[in-house]
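Taking it in order: structure first as structure tokens, then the write-up.
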């Protein structure tokens, strides 16, 4: 392989190197100085993130099994940013005594899932796609079960891995049908012979099911809430943002490159499921008390909105989906960051516990509010722009009914986001969360989130960039 | 009826029967045994399909690896003689309905489709070719998945360790959460 | 930097300043200074506008600036004003200015209060200067959201419920608007070419009728929710009742006008054909609003409820006039917006001050206050008289313009509903006088109320500013009416070209 | 060796096995048996791939390799799943799937 | 051409006075503010007299007719291309006459009030309101267009409201003021609708254009007909509705008696002499239209006027509150004026009724103001409003007594006092037009004489009551106006109205028709005589009569229960059956719907929670069935 090809694959290679390095450091470092691993990993990952942003040639490797172009690179970069934020946020959590044994494992697993996602995004072949998908799922199940002292953590782990196995089984069955009817698993080749017969449609639906599981689209979402609730908060954040984002990315790539022929069919599927997803997600979110669970349902409904960008089948839709994921990363990680910080400091995770938070921790409350507003799509924060573009994309193809349903759903979602705001700002508590100071990591992560939430919206250049880059997918 | 067909009927009958037994038997170790039978029959099918390599892999990896793993875990977690309570009727009926519906749907759709065999000459599958393909970086080469799966296996190993590792210091301390 | 953008920048600067002030007591001073500057700016803008018009500037909008923001969708930061927006900006700065003095004594989380208040104001200002639908909508929502905190934190009564209801209903309206905006956007170039959000450009094309039929109701109802269109007005009584003084002032005074302004600027102006075709539905709804709100106000016991219902009635009149779609009625609509904005702000300011003294808003728990706090009481009477349309105060000018304008339609339907709307002036008189009689006149009923103190200096500033404006418009409406009228002509031309009446 | 056997037979067989696995997934009480059902599902998929490869596209080995990797993935999946199951057993002293429902609604 | 440009000051001055007294009044000494107001009004009065002189005697006439002069006009508000509200000053015979009436009476009342209101709390407020009223009334009078008239019409309404409720701590006053405002407001709604219809058809508000014989109102007699009457007629009836309200004609008269809760000078000024005749003035102002283009509307005017005058006269006979008696008397007299207009034709001698109406308006202003001010002096002296608590006061209040007697004689139509002349002209006009109306008015003339002298005798004669402290004559500030007005009442009958104020502004010859005059004087004398018998001494006759005609007396005493009907309508129908249900509907149905949406959402959210059972296999079940369902739907059903 020429060096140029290394550059093309640099995301994956760098990550692999990082994972190995962490392992090596783990082996050779003194047991009492495991904390250093955190710093090392964060710095290392920051470097990778920055390096990933460098311009890169496009190209195909391994006979078309690995495809990279500006658009996919951008997706990887977006994920990198998200993971960096998650790493920063998890620093405090990792420093807790019960986790000190497994710091480097945490990083290795996280990075390997990210490698999986990157391969998934870069795949040009369903085998690569499948392996990437599994690589992105299996270690997360272990991470979900990471908290050995919490029963629900193990429960989350088993739920995740079993449902994911079922889902990948169905997905594989679908893939097998697609393979049987087209004779290839290369994206490009499938696209040329795909005609949309019943069997192919069946294959597509089963494939869709598998993706829907990852994106947690109704009715394939039921695992989401339990796994989110049971997992450690940073894993939940990772699942809700990175894992979902990667799935969205690859899904959009597959839809546009493999199945453009049956666009009418998948638009219908998405039409129905997006309505279901938004509505069901919102309806469940209303009643949640546990913030993680709450954010789980919120993220389900967010997935419904994201589908709006798919349905147009247009370039604006693609761009707005990618853009929205970016925005969503900042917003959701902002929210999770606050939840995590508070959970670390006080162990409280319920909405009631947040009563009167503003009076003790005003900054955290403000960040939380900003993040929630961004999730709800309230201007002038980025979420507003993201949602607007998604809706615009759907409206461009005339899906006005869908847009109206979606905007009405945003009202419901606003309701429950406001419930949190209400708890933090309006209500008083006899037993508020005490004032505490976060560490540098958390602050930095939250600062990045806030900057992202505010800047991503106004900086039109960013969206323009995404729009231009997404053209090549 | 040719011997092929006979063999096929034999294997498929075994597969179907043992599959159903696997998911219905009330003794867990038997279930594992039935699963093993299914996997073995499957490898027989692979022989029939003239994929000896795959049949071997199936035997070693699946039958030899996974099933053994499963049996170990059964031994770890259950009494061998333990008999499950029967499944709730409602649950089993509904699940069966779903499964049957899905099967009918898929079968009808499959039967509806007329597969057209390729006209390109078949490729002799031998170990050399498999090895070459597995290490090829060109079209139809599988070195990249091969590399990635190694990462996956490594990650899975670490994951399994992380999960199953008997608790460190945290175990002795009272958990602060929950 | 152009003068219009300053209207958004100054609030933002003020907020920044507030955030960096150490001493919490200086917060309100800084706020007052900031909004004072804004008021001066508004005056300057009015003069600049008039001067420019006098100098012969004949474009529809003046001081137009257009910066590309997003290329696709074609979003610009486009601003510009005509007489209507200038008038609304002036109104807003007046009400905000008065509002700040009315909330001089906010003790709880002072800094946050003023920040939210100014954020709200900046949304409103932004809305009025925008001529790009996207930016307009952005500012619109920006103006709605701080309401939640303002009512929820500093409100009274069932504030959480009210705040939630208000926010959700308004956002529900804005959801419809959003759908409508997208529809307009994708029909803004029926002959091919670049889609646009720019109002001026869209107004030059005719949106296909089939699209108009769908999006006119959406946008109109969407804005109508904020304009308290029956039956989407129910956020108003609860919201106003629970809101703190300045917020009620701003909300009833300015924010509800966003509804009318938007309904006019977006719904009617861009889709006149559908407006003509479908207006009858909304005319019926608005005439119901007008009469219904007034009747509803008669039996209320809470001062703020009375005023909220009264606002339903008056804002219904705004929408009613807008739907009449002729120069005079539209002119009346704009004047009514301003007039109602001022006087309802005045009302709420006074109610707030009364509440601050008596700690009740129930009219049957108060009585004979005229003797105790004459200044506030007289001001209340003046506000009441303005509200019931006494000549010499602004309400009269607006109502008469609307009635005369609405009556210019030759068909029976429009004239009959006009007469229905006219009947509201009597009902208004009934509830205003009822309140005045119970609240202010007669003997003092509660002995605790006998030692109340009259208005303090900052309250006087607040109230006098508003009364001055109300009386100013009422006594000499000509300049305002002409300024608005001149700006309306091009808009009306477009509407009239499709209006068969 | 497959002359006289239509491809449909293989596909139907795989489908039956697949849905037997699904049925098992939906009804088995023990987490390990659920895992076994998953193995059935994956195995069914493998049969599909192999059959397609042999019958329709014998000039390439995509289906076969896919099956190969599925087996590998299945193995790692099983490993992790079993690790978690054992962990659960340690915590709950049971691996009845119905007992793992602390989180709901 | 005489320049009348200065007349604008007639409007500006009182307004400035209002602002000065209203804003700075509480800082001035009460005395000073009263004085300021009075001086200001003196100047205005002087200006008015100058104007009248110049208008009637020096201004040019065309074709013998007084011209309508627009002394000042400026656009106040442009509504449509054609319609604009102007603020201006229109001088023609009736407006100039009204200027005289308004300023004179107002000036008298100002002077009187200095004495009457002495020491009252809110003295300066009183004068501020008086100034406001004067401003509004003058603006109404000189209005150049119907909308200006409407503006000032509303303003007089509100000044009246403020003044009736001057004693705002007194619940009855508050109620009365509210009632007055709302009732007139309701009538004004009719006025406004009338204006809208009228202006829509004629495209103008301007009085000169409207009333010009070649103007749109008269030449195009309205558009389509509605219920048998032309649109124009309807508009004029609606406009008249405003007049009915303001002039307290049936059925909108109920506010007037209650309005007597206000300070007596106010009653004299507003509710006797000036504001209440605004309705008459309105009809007179629009008279050409009524007469030529909408005779049906004019009939309405006549009948409403006649019925009101009769009704009021009957009620007045039974009331004991002297101010109420006077109020009903006012209503009755205004009925006369309305009737006169209603029976009048246009131009020349046909316009006798019009002239008579204006004439009566003028004389009535004098004597009714006198009566009220006199009543004020009496009340001032005895601190009671009820004639049952008075008697034999002539000893204590000589000046008041004398002037009051003059006024009573005047109103009873005893020659040669002014009332005789004006009433006689009205009866003449009625006789020529409609015998029925004449008969009614003839009877009313008798009743008027009766109840006025009932009042007179009860107060000044009869049995002396026990007073808390000896009544004493009012101070000079109060008696001087009485005397001046008495002079006016006596002599104003000699003003040659038919030369000055006529329907077509051209003078004509009028003379007393003995056939009408003699019977009317006779019946007046009969009325006085009956009253003398019944009330000059304490007798049992009134009570006896009251018991004989128990029911009719009770009905009349209770004002024919019209108030109760109104109360029923407002309290029961509007409050109980309209407003309360609407408020309920709003809270429960409309708002309830919104809450219901929220509730249903919550409920659904609760109901579907079973999906999220926590059971892995249920999740799997949903997963699988979901996949199968999607497949069935999208592969087979919905392609």
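Things to note:
Order of writing sets the labels: A, B, C, D and E. Residues in every chain begin at 1.
Note that in this section a residue touches a chain if its C-beta (ideal position, glycine included) is under 8 Å from a C-beta of that chain, and two chains touch if they have at least 3 such contacts.
Please read these numbers as outputs of a predicted model, since none were measured by experiment.
Following the contact convention of this document, E is the list of chains adjacent to both subunit A and subunit C. In this assembly, E is the chain whose CA centroid lies farthest from the centroid of subunit D. When the interfaces B-D and B-E are ranked by C-beta pairs in contact, the top one is B-D. The most central chain, judged by C-alpha centres against the centre of all protein C-alpha atoms, is C. Comparing the CA-atom centres of all chains against that of subunit A, the greatest distance is found for E. Centroid to centroid, with C-alpha atoms defining each point, subunit A and subunit D lie 27 Å apart. Measuring from the averaged C-alpha position of subunit B to that of subunit C gives a distance of 69 Å. Mean C-alpha position of subunit C lies 36 Å from that of subunit E. Once the centre of each chain is set as its mean CA position, subunit A and subunit E turn out to be 77 Å apart.
Of all residues in subunit A, those that touch two or more other chains are 127, 131, 134, 138-139, 141-142, 145, 148, 151-152, 157-159, 162, 166, 170, 173, 177, 180, 183, 198, 202, 225-226, 287, 415. Residue positions 168 of subunit C are each in touch with at least two other chains. Looking at subunit D, one finds that residues 11, 18, 21-22, 25-27, 34-35, 51, 56-57, 60, 62, 65, 69, 73, 76-77, 80, 83-85, 87, 100-105 touch two or more other chains. A complete list of chain pairs in contact reads A-B, A-C, A-D, A-E, B-D, B-E, C-E, D-E.
Here subunit B touches subunit E in the complex through residues 91, 94-95, 98-99, 101-102, 105, 109, going by the rule given at the top. Considering their complex, residues 617, 621, 624-625, 627-628, 631-632, 635 of subunit E touch subunit B. Against subunit E, the residues of subunit D that register as touching in their complex are 22, 25-27, 34, 97-98, 100-105. Residue ranges of subunit A in contact with subunit D, taken from their complex: 126-127, 130-131, 134, 138-139, 141-142, 145, 148, 151-152, 154-159, 161-162, 165-166, 169-170, 172-173, 175-177, 179-180, 183-185, 225-226, 229-230, 287, 293.
Within the complex formed with subunit A, the subunit E residues making contact are 598, 601-602, 604-606, 608-609, 611-612, 614, 616, 618-620, 622-627, 630-631, 633-636, 638-639.
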